[in-house]
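So the structure is just underneath, and the comments pick up after that.
The first chain written gets the first letter, and so on, giving A, B, C and D; residue counts start at 1 in each chain.
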Amino acid sequence: MLRAPGNRRETCARTSLLLMAPASLEPPLRAFSMLRRVTGEALGTAMLLVVVIGSGIMGERLAGGNVAIALLGNTLATGAGLVVLITIFGPLSGAHFNPGVTLVFALRREITWPMAGIYIAAQVIGGVLGVWMAHAMFAEPILQVSTKLRDGPAQAFAEFVATFGLIAAILGSIRFKPDATPMIVGLYITAAYWFTASTSFANPAVTIARSLSNTFAGIAPGSMPMFIVAQLVGAVTASILFQWLLKEQQAA
Amino acid sequence: MLRAPGNRRETCARTSLLLMAPASLEPPLRAFSMLRRVTGEALGTAMLLVVVIGSGIMGERLAGGNVAIALLGNTLATGAGLVVLITIFGPLSGAHFNPGVTLVFALRREITWPMAGIYIAAQVIGGVLGVWMAHAMFAEPILQVSTKLRDGPAQAFAEFVATFGLIAAILGSIRFKPDATPMIVGLYITAAYWFTASTSFANPAVTIARSLSNTFAGIAPGSMPMFIVAQLVGAVTASILFQWLLKEQQAA
Amino acid sequence: MLRAPGNRRETCARTSLLLMAPASLEPPLRAFSMLRRVTGEALGTAMLLVVVIGSGIMGERLAGGNVAIALLGNTLATGAGLVVLITIFGPLSGAHFNPGVTLVFALRREITWPMAGIYIAAQVIGGVLGVWMAHAMFAEPILQVSTKLRDGPAQAFAEFVATFGLIAAILGSIRFKPDATPMIVGLYITAAYWFTASTSFANPAVTIARSLSNTFAGIAPGSMPMFIVAQLVGAVTASILFQWLLKEQQAA
Amino acid sequence: MLRAPGNRRETCARTSLLLMAPASLEPPLRAFSMLRRVTGEALGTAMLLVVVIGSGIMGERLAGGNVAIALLGNTLATGAGLVVLITIFGPLSGAHFNPGVTLVFALRREITWPMAGIYIAAQVIGGVLGVWMAHAMFAEPILQVSTKLRDGPAQAFAEFVATFGLIAAILGSIRFKPDATPMIVGLYITAAYWFTASTSFANPAVTIARSLSNTFAGIAPGSMPMFIVAQLVGAVTASILFQWLLKEQQAA
């Protein structure tokens, strides 16, 4: 029996989806066990912090005091590393690596609240382990606390903008070009390291982890709460605005 | 009943188009309300100026007086930021962000003249707001006027070349590889920041907005008119030339 | 009547090809008039030289004497510019921009010898015009002759390697991933500016044009012949080797 | 006769695969003779070392003593070069260029042990020839031995992390987005040059070859054994972990 045109179209679309293997930040299509997903989320966040902290130390050590050159190395590494990590962990865990992102997906009901809690715990634990691995690689003391103050309303506004933009980039790219999400997020952070006054932490787990490193990319624990509040407000604001902005008109 | 081969092919093509979600600079395929499109155009241009001005300030502050290093940071951020912004706003508003681009699409009858007027107003307003947001992030006075003179025929010719090349990149990529338009525009501006003597403004709305920032990326208001004229002449010249150049031969 | 499976597959493939619009360096699929193709080749080569010479001048002027920083700007601009130019001119003229590339395609019988001669003339004329446009933008004297000597067997070997690698990149990518050719060529030149001792001219038309600029990217006319011979030998060597290397086994 | 839906889907998928020409690191789909595959592996590794050593020399010569600037040039060239080399040699030989990668594929039974041995020999020989070619281009003495000590547990841990991450990037991207493997590997090494304390050799053949160059990218022969052991342990660890991590649940 011949199938209806609708079915045929669907077959084609499904095949293409499998081939393209979209490494989106949304919950994955394929069914991985919860243990694997949480492990992926923790391992991915750990590797992200290895990249952020490690390249910050390397940049500072080699740049001869020119902070812009150190930041260039730090930026290249973080942007490139994010593309890799989101590509390989996206279809497994969703590759949030960021409690702000997990919060947005929970608000959109694309992840349950209990699972969101587990994800956030995995991100924080993974992030801290990543910082310690970076310290070990560079023969730094493992346990450190940052003394780098990052205070004031301008810094808070910068973190609001940074996280607003990150969520905008994620929601827009998942909607219009999901296959490109890893690249888009990597490029966004590449830009945001330079265009925000705070070098774009934009991630509460990363903020907590970075407070445990007294190196280039560190942040004093006292500056943390303001950063995290600004990040969450930015994330929720972007989520609400884009919920409205990306709604199509009804067909007449 | 069996459909004709032509229909079948069309079905496949249409499915793929939906999956690929081309983030072109042309008017979008999907129907978003006019309010959403104009909001997208204003928000996108605002974010573009946040990137351009913010990364310019960051570069200048960190580079220790080496202008090339400051420009490297400014370039990386702007190129990467453009790819992100065109990807996420392209299917919504077309992601012109540029009165020169809107003018070209109006001449090609791909946007109506009244809509073009509204777009241009949104771009200018968004651009100015973006400059002010960047100032706020970096704890700069919000209201500034640039004192950086950019005069003379060489600078005008540079802006002509910069905008000619931008329109060439847009029309060529929309024609031959629409899915890659965001990347192509980002790469073009990355190159043009370095190969033009004016660091490639190539955009009247950006020019107006940058006159309100007395920082790295500023331009004195008195230098503005010549820049804008050169940009529009470059845009129209490229539009006419590529209208002819990209016309295929009739099949015999 | 139902078509055979073979036909059906072909339909699907052809549709995809049209959608993907491969911007290959091979002769284009679509029929553009010879005048348009030659104009495209000249205009593209002109724009390439605008990028190479312009970003060289910009880099040198801003880098405060640090040649590596000047070369970073020059590299970013050239790599990014090449991706743009090959994407937008590839389906029109093939985007050779390089007599060495045209020679290889003529040897492979993918372009006729008379057409190859016209292409090479267009490349040289376009290249020279591009150099002059770059000078005009930077308020340099239009007519210059380089005094930068680039001599000796090491430099010749570097040009051999540079052009060998370029042809390898082109033939390999056209064969296995034609849609990515613009990106592959841009990335190759990005690398080759740094890994070859000669900063990878790899192009006789570019070599001739660069002899007319006494700036960062110039080359003394007396050093030209050795460069061009080394480039052509490298191109032909790669062509022969990859002709053999990429030949598949017969199915048993 | 009408075919079953399953067949139809398969036809579509196979067509797309051919069009996409995935340049994966896995054994190639197309049948090239063993001589061609081994030649490709040796030539590709040689070109990789030309890039690594050549851009290291160039960076050191031009950077005026600022090691971070030298490393930026070295990084750009290596990352870009890897994307090119894996794209053009991937479908031919698999583009391992790395005994650690070949070992992992042998453990996964995707290459036979005798073939793995031949591949590793080709990689080492190709790598050494590449170093000598780089020396010739830069008019350096061809035969050198590095005196740059890279010792201690932190360096060993860095090489463990670097190679663990490389194998993770390869296995994850082959699994979820094979078409992007060349880009993912290039981006990974771009990041790893900065985030690992050892600038990420992550490759025993490259380590051996680099011991024969007393330039920027060299390593003293005495430091080699520890590097190679750490690399192989990192590779095998990643292989085991991702074997488990990427296993999907059984459908109920």
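Here, contacts are C-beta pairs under 8 Å (C-beta built on N, C-alpha and C of every residue); 3 or more make two chains touch, one makes a residue touch a chain.
Please read these numbers as outputs of a predicted model, since none were measured by experiment.
S.K.: Considering only chains that satisfy the touch condition with subunit B, which of them also satisfy it with subunit C?
M.R.: Where subunit B and subunit C might share a partner, there is none at all.
S.K.: Which rotation angle, from 0 to 180°, best lines up the CA atoms of subunit A with subunit D, given as a multiple of 5?
M.R.: Best-fit rotation on C-alpha atoms: 90 degrees.
S.K.: For the homomeric pair subunit C and subunit D, should the interface be classed as same or different, according to whether the shared residue numbers exceed half of all numbers used?
M.R.: different
S.K.: Can you work out the whole-Å distance between the CA centroids of subunit C and subunit D?
M.R.: Spacing between the chain centres: roughly 26 Å.
S.K.: What is the distance, in whole Å, between the centres of subunit B and subunit D, each centre taken as the mean of its C-alpha atoms?
M.R.: That gives a centre separation of 37 Å.
S.K.: Which residues does subunit D have that touch at least 2 chains other than itself?
M.R.: Within subunit D, residues 2, 12, 16, 20, 66, 69, 72 contact more than one other chain.
S.K.: Applying the document's contact rule, which stretches of subunit D touch subunit A when the two form their complex?
M.R.: Answer in residue numbers: 2, 5, 8-9, 12-13, 16-17, 20, 65-69, 71-72, 75, 79, 152, 154, 157-158, 161, 165, 168-169, 171-173, 175-178, 180, 183-184, 187-188, 190-198, 244-249, 251.
S.K.: Where on subunit C does subunit B make contact in their complex?
M.R.: 2-3, 11-12, 14-16, 18-21, 23, 30-33, 36, 39-40, 43, 47, 50-52, 54-55, 57-59, 62-64, 66, 69-70, 72-74, 76-78, 80-81, 83-84, 87-92, 133-134, 136-139, 186
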